[in-house]
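Two complexes are shown next, each including chain A; its partner changes from chain B in the first to chain C in the second.
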Partner chain A sequence: MSRQALRGAAVSVLAVVVALAASLVVIALTGVPLDKAAAAMWDGVFGSPAQFGATLTKFVPLVLAAVGWVIAIRAGRLNVGLEGQILAGGTASAAVGLYLTGLPTVIHLPLAVLAGAVGGAALGAVAAWLWARRGVNDFIATLLLTFIVTQLVSWLANGPMEEPTGTLGQSAPVADTARWPILIPRTTLRADILLVIVLVLAVAYMLRRTVVGYRLRLTGANPAAAQATGTRTQLIGVGALCASAAIAGVAGSSLVVASPAGNLAPGFSANYGFDGIVVALLARNSPLGCIPAALLLAALRQGGGLLEARLGISNGLVTATQAVVILLVTGTAWYAERRRPRRRTAGSSEVPAPVAEGARS
Partner chain B sequence: MAVPTARPTDSAASAALSVRGVSKAYGDLLANDGIDLEVRPGEILALLGENGAGKSTLVKILSGLVRPDAGEVLVDGRPLPPGDPLAARAAGIGVVHQHFMLVPDMTATENVALAQGRAAGRRFDAAATRARLMELSERHGMPVRPDVPVEQLPVGERQRIEILKCLLGDARVLLLDEPSAVLSPVEWDRLAVVLKELAAAGLAIVLITHKLGEIAAVADRCTVMRSGRVVATVQVGETRPEELARLMVGRDVVLRSERPRIDPGPVILEVSGLTLASYRGDRDLGPIDLVVRGGEVLGVAGVEGNGQSELADLLAGVRTPTAGTVRVTSRTAGPGRVGVIAEDRHTDGLALSLSVIDNLMMRVIGQEEFSRHGVLRPGRIRRRCAELVERFDVRTPGLDTPVERLSGGNQQKIVLARELSGEPDLLIAAQPTRGLDVGAIEFVHGRINAHKTGGGATVLISAELDEVLALSDRIAVMSAGRIVAVLDAAEATRDRIGELMAAGVEQGEDVVA
Partner chain C sequence: MNPFDIALFAAAIRLSVPLLLAALGELVSERAGVINIGLEGMMLAGAYAAFLAAWATGSVGLGLAAGIVVGVLLAVVMAFVSVTLRGDQIVVGVALNLLAAGVTMFLYRLQFQGTQPTTVRMETYPVPLLSDIPVVGPVVFNQLPLVYLAYVIGPVVAYLLYRTQLGLRIRSAGEKPEVLDATGCDVVRVQWGAVLTAGAFAGLGGAFLSVGQVGLFAEHMTAGRGFLALAAVVFGQWRPYGVIAACAVFGFTDALQLRLQSMGEVPREVWIALAVVGVLIAGFGALRARRSGSPLRWVLLGAVLCIVVGVLGAVLVPGFALPSQFWLSLPYVLSLVALASASRRVRAPAMIGLPLPARN
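Our next item is the complex of A and B:
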């Protein structure tokens, strides 16, 4: 790891520590004993296999959304519509799980996951088309499409896709053959977490070790130079948006076919798309960094739940803690990315050492 | 080291501007380190230094845009409050920045009035402002059109408006930052006359420049800066240009390099009828016809903004022409290869946040040698980059260092390494030495000459006339989007090219190069 990356990681860790300390102060002000609050938080995350399983279950969509963001931002594109792409992917996945029946799990489940990726990518493609062909700002396009999809999914869950009784405002559970098997008994954790880890590693590998990843980073760093030296930057931008959306779509699929209820309910995206951006921010857009960052935010979400249930401390505190993390990380970006003003001139006597230093990032 | 110092004959008290011990650090970098200088009324002081010597920082401190860490600035013996642009202007410091501070769609009168408008709410008396502007314009021989939006005016006229703006603000000290950068030689001669007259009228003038010729033409004294310090202040009349160059760079400098001559080979670049509609306002570029052979350097000279940048973009294939063709013929088999040194390496040439390796591999990453089935081959890539860094003498702490950490000269060497290592048939070098120090300039010139003796064709586009003269076998002069003349190196002189640059606007004939 380079010194700059180390410094970035240090800043992220420090931001989290400060934010947690700040929330402890707030808790103390409410009069709740800190040891009880800490215990509730700890129990919420690690207290039992079920609790820890629930934390990891929340980790899955968070890390996927974050990695989706990373792919787009590395190409210089802003995909703030991850939330919408989660909804689109989850809905497509639910449709496959509900209406394609009679298939064995080995076919049905992969189809359901694939449908999630395709559904997300399809929505991403609309934004990419608007950006590439119509000159619409990618930020605007992805964000506004989210609003449309949110309403669309709500209508589907309350209308065409609602369960047979037509009273619950959500769909029936998908076929068992389309659901991920439970990984740890008596927890909500399902086997999709294995796929997720593979996906994150694949994205990290793609960015570091492939020509496409190289061109993507180059396009993000300087599109003009990339274009001038033979990279098709618009194609890269479109591809990055679609790939980013596809990964969000897989997250959406997990939120349906790996959820306890296994059905489509309005608002099942539960803000994971936006929290994913926070995770990526904390990870400084490193795909591997998204793993610890997503674990942390998942733990906050999960522990915050018990904090509310046991001690009556509002779940809003978790949101506030996240906000402090965001402010601290963005506010200290100058430190991690500080440029060295000291320069070496051509006439300097220092001899460079062009030696290999292990893997290149 | 003893610093030779030529003092103004009067005492310091009579100085219009004096700078005492001014220091300013940016992080680890001492941009200004105990700067002392003074200018008397009626005197033109040249401030000479390479890029990065600290001239710009000093100008910002003098104009109140930057607060110094130490030291003080005195105007007429009274200290200036630091970091206060309004106070600096009120005290009589007028600055003509290299990039003009004019509102493009306002007229000269409006721009001047804008600069005066300190009392909010006071009515803007257009007629009075216009009258004063015209009076000063006439008195100092600086013709300007007061009622035309400045965006429609030529650069020279805009510069005069900037100067008049300062005069109308009762400037007593006039700072000009690289004023010749945007002027043709003829326009510069005119400005030199004006500056001398203004000095004779009692103004103190500071001329910031890195061109030795200008100093000899107008300045009385010259203060030389290097690495944030004043290394000498000399009387211009008593100092040879070589001595000034040595002071500026800190070592002996070859002011003119030897141009290799080889017999031209086969035609490599053939441009015919190349046209780009409305490249600037309603002005068209071209039609341009050019032929460049192997082993030949075609220099393109012209005042900035006359279509050279656009020509470079068209030749490099970054922009699509409205009409016409660019044909590059390979010396060997296959399609002709083109190497491009982009005019602005930061925006078009490099990805600053990426590593040395990433920047070196842009063109060749897809080749079998460096990637297989879309997967990079890091071992081969590293070996190749280490070799290029060695061959092109790039001073870098490592191959993974982001190029933004390197000096301008080393950044440009990376561009050269990338663009020349593919042994291109045609090299397009646009402002290849802009912003580089003398050592790096020598290196770049050496590489261009090496490309030439290797049989490659070169199109050199440069605002530095000396550079064009030093390297080119033939020189095309551009004006108003056209090539107005093509001269052989033997018949090309500064004066001849200067005339053509200025005269081309009226002639506007097509010339086949």
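Our next item is the complex of A and C:
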């Protein structure tokens, strides 16, 4: 590891330690004994195979969303709409699982996952088109699309795709042939985690060892240089947004066809899209770093659940802890990135040159 | 049954106020080059602080003040991390949303243990004489005092941005900070001021939700209004009067949606109104296109769609019920369409989302 990578990792670890210490202080202030709180956290994460399985189940969408963010940010694009792309992907996946019946698992399940990727990518493509052709900021486009999709999914789950009795406000479970097999018996962990690990490795390899990955990183680091050396930066930006959205779509697919209920419910992505940004930040936008970072946040989510159930300490504390981690990591970015050309400075990354010229003339 | 009555329009104005307050602050901040995704969090925190202060003291005024203070406090975090330390604005905003959601939920549950106490709330203040005007009076001049204030602040912000030196500085900070720096003005300070303004307004907007309107607090009670305010700035194309109009439109769709939900079906009047809106869009679009050269085809497409849907709806399906989700997503659709169809001259301030250039 280079010195910078080491320094970045150290900052991330420190940020987590500080944030956790702060939340311990808060817990102590509420009068709950710390040893009980720690025990609840520990039991929540490692207490039983079921608990640990649940932690890993939460790890899946987190790491995918994070890797999605990484692909986009490495190309200089901000994909704030991961949450919407997760919803779009999950809905597409649910549609395939619900309506394409009678297929064997070997065909049906891959189709459902693929539909998730396509659904996510489709939403990403809309944002990419707005960005590339209409000069709309990528983060504004992706964010606004998220709110539109949220309503759309809520409508689908309460209307056209609702289960036959029409009272629950969610869809019927998808066909068994479209669901991931359970990996560890008596847990919620399903085999999609294997696909996820492969995906993360593939993205890491793509970014590091392929020409496309190199051009993508170059576009993010220095668009002018990228353009001068023959990279079509706008194409890279569009591709990065779509790929990022496709991965978020796979996360959405997992949240439907690998969930215990296996159906489409409004808001089935409980903020995973935004938490994925936290993971990517902790990992300093390294795809491999997303794995430990996502494990940590998944453990926080899972342990926080038991903390609330057993000791009545509201889940809000976990959310706030995450926020403190982000603030600490973002606030110290200048330190960790010292002696490296700044990735996003004025005039170098906002819009690729041709659009920028058009937009500013 | 005609849904377009006095109550509907009065509700539309009232519902637009929290949006308007937050959006005006956000406008100043974005014109200075700092986009504040954390608006939702600031509103939520403001709503909670206002509720808490009013609950503890029984005073609406103190509640509003507390809302402003907490909004500013969050803005200090925003400004320190994103302006001074040059961290990513978007990411800091996401963090503030998480922070506010987490902290308010944690404290509210800790303190009230699942009960939902109510507290004092603001009384309506009918403006003397003016509120006696038929139709307009009860709609516009029989509102909460904060409503008048919000609509007065709008033109003030417009004046500030376009007619004062400070406004020029704010706008330059968002377009070309190097130039502003060269004139000897401290860009960091300008951006700090703009971000704190956004925080104060967002906090007040949140306070309006809890203490102003209902006198209670609920977890996630802002329900996306901060993001709606962000969309209003976009829809208003980063201009004060555009933002005011955008908030009025969003407030109206919100009021209409609430009303239609209680009615169960879309009455014929709504379809007719839609057709009328289509005609109006076409008229204004043609007028503006001739002046500014923005592409007319988008405006026309939207107008024709409105007219066709409106006429068809009025003739064929008077009893058709649109899902509430349609109305809830409408502001975001409108904002994106407005952005996508706008001419190239309409765009976000150049520095939005970017840290200030390093000074070596």
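Please note the rule applied: the second predicted complex is superposed on the first by the 339 of 361 C-alpha atoms of A that agree within 3 Å, B and C clash if a C-alpha of one lies under 4 Å from a C-alpha of the other, contacts with A are read in each partner's own complex, and residues count from 1 in each chain.
Assume contacts are C-beta pairs under 8 Å (C-beta built on N, C-alpha and C of every residue); 3 or more make two chains touch, one makes a residue touch a chain.
Predicted model, so just to flag it, every value in this text is computed and none were measured.
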Check the residue A:Ala323 against both partner chains and state whether it touches chain B (first), chain C (second), both, or neither. second
Could you tell me if A:Ala141 is touching chain B, chain C, both of them or neither one (first, second, both, neither)? second
Contact-wise, after the overlay, does A:Arg217 reach chain B, chain C, both or neither (first, second, both, neither)? first
Of the two partner chains, chain B (first) and chain C (second), which one does A:Ser48 touch, if any: first, second, both, or neither? neither
Quick check on the superposed pair: does A:Thr101 touch chain B, chain C, both, or neither? Answer first, second, both or neither. neither
Comparison of chain B and chain C by chain A residues contacted: C
Interface residues of chain A shared by chain B and chain C, listed 342, 344-347, 350, 359-361
Per the touch rule above, chain B residues touching chain A in the complex are 26-29, 52, 251, 316, 318, 340, 342, 347-355, 357-358, 361-363, 365-366, 371, 374-376, 378, 382, 385-386, 389-390, 393-400, 402, 404-407, 409-410, 413, 418, 437, 439-440, 443
Where on chain C does chain A make contact in their complex? 35, 37, 77, 80-82, 85-88, 90-92, 94-99, 101-107, 109-110, 177-178, 224, 227, 230-231, 234, 323, 325-326, 328-329, 332-333, 335-336, 339-340, 344, 347-348, 350-358
For the complex, which residues does chain A have touching chain C? 26, 30, 78, 80, 130, 134-137, 139-141, 143-145, 147-148, 150-152, 154-155, 158-159, 274, 277-278, 281, 313-324, 326-327, 330-334, 342, 344-347, 349-350, 358-361
Applying the document's contact rule, which stretches of chain A touch chain B when the two form their complex? 2, 4, 209-212, 214-215, 217-218, 221-222, 224-231, 339-348, 350, 352-357, 359-361
